[in-house]
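After this come two complexes, each holding chain A, first together with chain B and then together with chain C.
The block that comes next holds the complex of A and B.
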């Protein structure tokens, strides 16, 4: 017990948030020793005495008795967590979770009652992080026994949401405000809500944030790790809302600021940025961009090649090949809209193949191009429908002359967006 | 978390990593803060890693060549049909 409580004291003397947080971490190497250092009959008294003893040599002292009691609550709860984790061969995750909730709530209360300062926020992060972790393990254990449940994680989400409010609604002056903890906690909530498939709840968080935006420090003044994670989730939320302009803005920032060695995170950002840019700018990832990500490269590069060359058949094949993954990532429907661009590029190739900037091209040519390699001969009406659709969407400038079986293209800029 | 490094005889640290990493969740960064130089796109000059999707004028590539052949075939078939009539 001494080592943990001594670390608590040192952390206060140094105002060292990381060290303080480590005293309630589940990966603390003294966890086992702590679990065996006392028993349930004596734990409250032992911990309080130990805190008092260390506090006597602390600078500054926590003279206030309530102050020490708040910490005693935290470490008693932590001891129970440690005990549930260490003293059984088979960990009963349900029990760990109950204790972990007590621990997190004790930490939240400490901040709520205004006892703790900004440098101590790390302990709130650690409590919430492990609460979520234990909740996931608890639900998994239950699901392994055939019970389909996400109840613990939902429970954890509610508690982390309280931590969010404790940060967001702090009225202290900015330098000393818990508002500095807001984005770390929001990111934990986003991760949790995404896992629970409750994206709407993420939007509620963003609404609450907007309502408080005047007193909130600028996002870019927060830690870069918080900023990148936040931007990634905002980007995905906008993406799922089909607000691609906003999604691009968020994801671009996330990608640019992302740590260059955070391979997995960069891959996740690109997973959404690539379909987004296809729609907002009709841009495709280059081979150089995709090179470091074998999975993305194998799925997106062939697709990009087909879109560019107008290979409609190849595009459909490659989309089908990656379908499972695209659907899982919820980007399939967005990528499908790339079909229009492929078709437009194919029609443009037909136009270029006719040469001499001819403006009258037989519908049959377009029909042959679309039917080509597909093994099915399309009806002329079907192709006319494609063409009409392209014209309607502004991909092609011109009209169909049905009696002559010709597409009459605009003399200038027949395929807007390119030089021809 | 703790900066002290003791051999891992306790059982907890190992499984934790596994679960937090699963199902493609956005990962915790190894650092909380980093300099601009360490970010993916430092500075204002952005390398162009994106390509336009519809400026492909290269008609010498295979796909365009094959397409041209196909269209020719289509024309000759048609004129063949008309000649028969």
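The block that comes next holds the complex of A and C.
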């Protein structure tokens, strides 16, 4: 107990938020010692006394009775967490989670009651972070026993959401405002909601944020790591909403700001940025771009090659090969639209092969090309259907004459955006 | 088994410190006496299966210092204590905070004995008070604080991010918060432990398994019952038990065949489902009921009711209850999601398809429909429509008009100067020209159907649709159709 309370005191003397946060961290090196330093009958008293010891009158906010009580509450809860983790042969996660909730709520209350200052926010981050971790482990343990549940994580999300409101709705002047904690907490919420597959809840957060923008510091003034994560999630949310223009904007920012060595994060961003750019700009990733990411390279590069060369069969095969991962990442349904572009490129080749300025091309030529490249003999009607869609979607300028069995292409710019 | 400690009455009350705020119980375990106390409790249980928080803490305390060799024994006596408390309805009245622990849970050493009997004594021999030497560290820290304070006071802008002040920190001496923090924890508290050790939760859960918490069993014997939404706890007298319900289903099946009265059947099925739910009946019969109701609802294009059955079925299948036709209904689900244009749920369902499911004929059909819609391949789509297995056709009916308009819009945009009427009939999966004509007229494009004199010598006239002129009308109808996807009872 000693070392933790000592660190607590030092942290206050130095106004060192990170150190303060470490006193409730689950990775604290003194966790075990702390767990065994008292017992449940006297933990409250022991902690209160050791906090009280060496009263520092310079900080009335923490040394008066309410202040001490608030902290005692935190460390009693923390002790219970430690006890549940360290003093059992097999960790009972359900119990750890109950205690972890108490801990987080005690921390939230400390801020809510205006007892703590902005430099102490780190402790809120740490509490929420490990609350989420413990919730995940709890649900996992339950699922291992055959119970299909996400209840603990849902519970954790509700508590983190309260932490979010405590940050967002602080009215103190900006230098002393808990608003500085908003984005860290939001990112934690996003992560949780994504894991819970409750993405609509993320949108509620964004709505609450928009309603508060006027008093909010500029996003770019926040920690870059928080900005990148936030932009990434905004991008993915827009992506899933099929708002690809917005998605591109957010993901581009995230990619630009991302630390150059944060390989994993860049890979996550690219996972969504590549399909996005495929749709918004019909842009394909280059081999150089993909080089550092073996997974992305193995899945996206062959796909890109097929799209470029109009290789329908190869496209279908590569899409099917990566389907599991694409679906897991929720990009499958978007990548699937790349087939249109593959088809467009193939039709364009037919046009080019027909020779200069030839604007009338028999439907049969397209049929032959599609049948060859997809490896399936198609009916004329199906090829016409493809052509009709291409024209409808603006990939091709021209019309079909059913009577003559011809496609009549526009004299100029027949394939918009491809230089033909 | 020994008598549970709390039954040894009197003793506990004496040991309890006099200042304790909880109302004093005069007797324990007697049902008639407890009633008044239950009423006095601030928070009577909302449901019978809840545990008082104090009980949870009590259970946690029991195991805290329990020697591991005693755990099995402790669990048994704990279970007894809890079960007794529930049966005597004293669970909300017992003061768990001072309730004695099971004997086996106590360590033999003297110190822990003291601890278990709890509170009261002020002496705290184990308290760790910081020694004088500790302050050295504090003062060392103080120096740092001074210099950083000065630095921060010089900030020009008040709005600098507060944490910018601290570049360096000695926090890493105490804990590790790097990106691998969770991995370290995973390692420390071994992940993927599947061994189900006894735990106080088990003790509580097994206490719940006692008959006192079994779901109700109905006593009604009438086969038919009107559906009424429950607003209070179900009354066993109006609930039909499983054997009766089985007869009900047979009756309903024959009535449906004979009378085909959907509003009656739907009502009856709803009450049948309700009786199953309140009695917690989840077996192959339940699945059968939901499947039949879902199919009838499909046939009558009642998508709301269908979807309710469908989501219940999804739960039942996922609980691995044997029986039923999970593949057939998975295929419906895919088609239903196409109807609602729900892309994110569609993604989820694709993500969870098993290899076996991907070989099922109905599911393959539904997947083919999905990819035809996604790729705008209306030619294939309408072929699949005419060839839908099971009752997939009924589901596709719900969005067939919409897809027809989409296809027709593409045709109107791309064909010039016109398109043979027969081509539309065939491509859009109509059974005959008359049906096709009715469809086009319904969407106000009837004026654009024209008879064209054949250029060929055979003298036959051709009926065509004037594509360019029809396009705006069809386009408007199409966007209207996509706008109103009625999501009835969507989960």
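Everything that follows uses one rule, which is that the second predicted complex is superposed on the first by the 407 of 420 C-alpha atoms of A that agree within 3 Å, B and C clash if a C-alpha of one lies under 4 Å from a C-alpha of the other, contacts with A are read in each partner's own complex, and residues count from 1 in each chain.
We adopt the following convention: a residue touches a chain if its C-beta (ideal position, glycine included) is under 8 Å from a C-beta of that chain, and two chains touch if they have at least 3 such contacts.
Model, not experiment: these values are computed from the prediction.
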| item | value |
| --- | --- |
| First, second, both or neither for A:401, with chain B first and chain C second | second |
| First, second, both or neither for A:10, with chain B first and chain C second | second |
| Larger contact residue set on chain A - chain B or chain C | C |
| Partner chain(s) touched by A:376 [first = chain B, second = chain C, both, neither] | neither |
| Partner chain in contact with A:133 - chain B first, chain C second, else both or neither | both |
| First (chain B), second (chain C), both or neither touched by A:223 | both |
| Contacts of A:85 with chain B and chain C, given as first, second, both or neither | both |
| Contacts of A:289 with chain B and chain C, given as first, second, both or neither | first |
| Contacts of A:25 with chain B and chain C, given as first, second, both or neither | both |
| Touching partner for A:365 - first (chain B), second (chain C), both, neither | first |
| Doubly contacted chain A residues - partners chain C and chain B | 7, 18-19, 21-22, 25-30, 85, 126, 133, 137, 140, 223 |
| List of chain B residues in touch with chain A within their complex | 1-6, 8-13, 16, 19-20, 23-34, 38-41, 46, 48-57, 59, 61, 63-64, 67-68, 70-71, 73-74, 78 |
| Of chain A, residues touching chain C in the complex | 1-3, 5-7, 9-10, 13-19, 21-23, 25-30, 37-42, 45-46, 49-50, 53-54, 83-85, 87-92, 94-95, 98, 118-119, 121-122, 126, 133, 137, 140-141, 144-145, 148, 173-176, 180, 197, 199, 217, 221-223, 240, 242, 323, 327-328, 330, 332-333, 336-337, 339-340, 379, 381-382, 384-393, 399-402, 408 |
| Chain B-facing residues of chain A, complex | 7, 18-19, 21-22, 25-32, 85-86, 126, 133, 136-137, 140, 187, 191, 194-195, 223-226, 228-229, 232-233, 255-262, 264-266, 268, 277-278, 281-286, 288-289, 304, 307-311, 341, 344-346, 348-350, 352-353, 364-365, 368-369, 372, 415, 417-420 |
| Residues on chain C engaged by chain A in the complex (per definition of touch) | 56-57, 60-61, 63-65, 68, 112, 115-116, 118-119, 124, 126-130, 134-135, 137-138, 141-142, 144-145, 148-149, 158-163, 165-166, 169-172, 174-177, 181-182, 184-185, 189, 191-197, 199-201, 318, 343-344, 346-348, 350-351, 371, 374-380, 407, 409-411, 413-417, 419-420, 423, 426-427 |
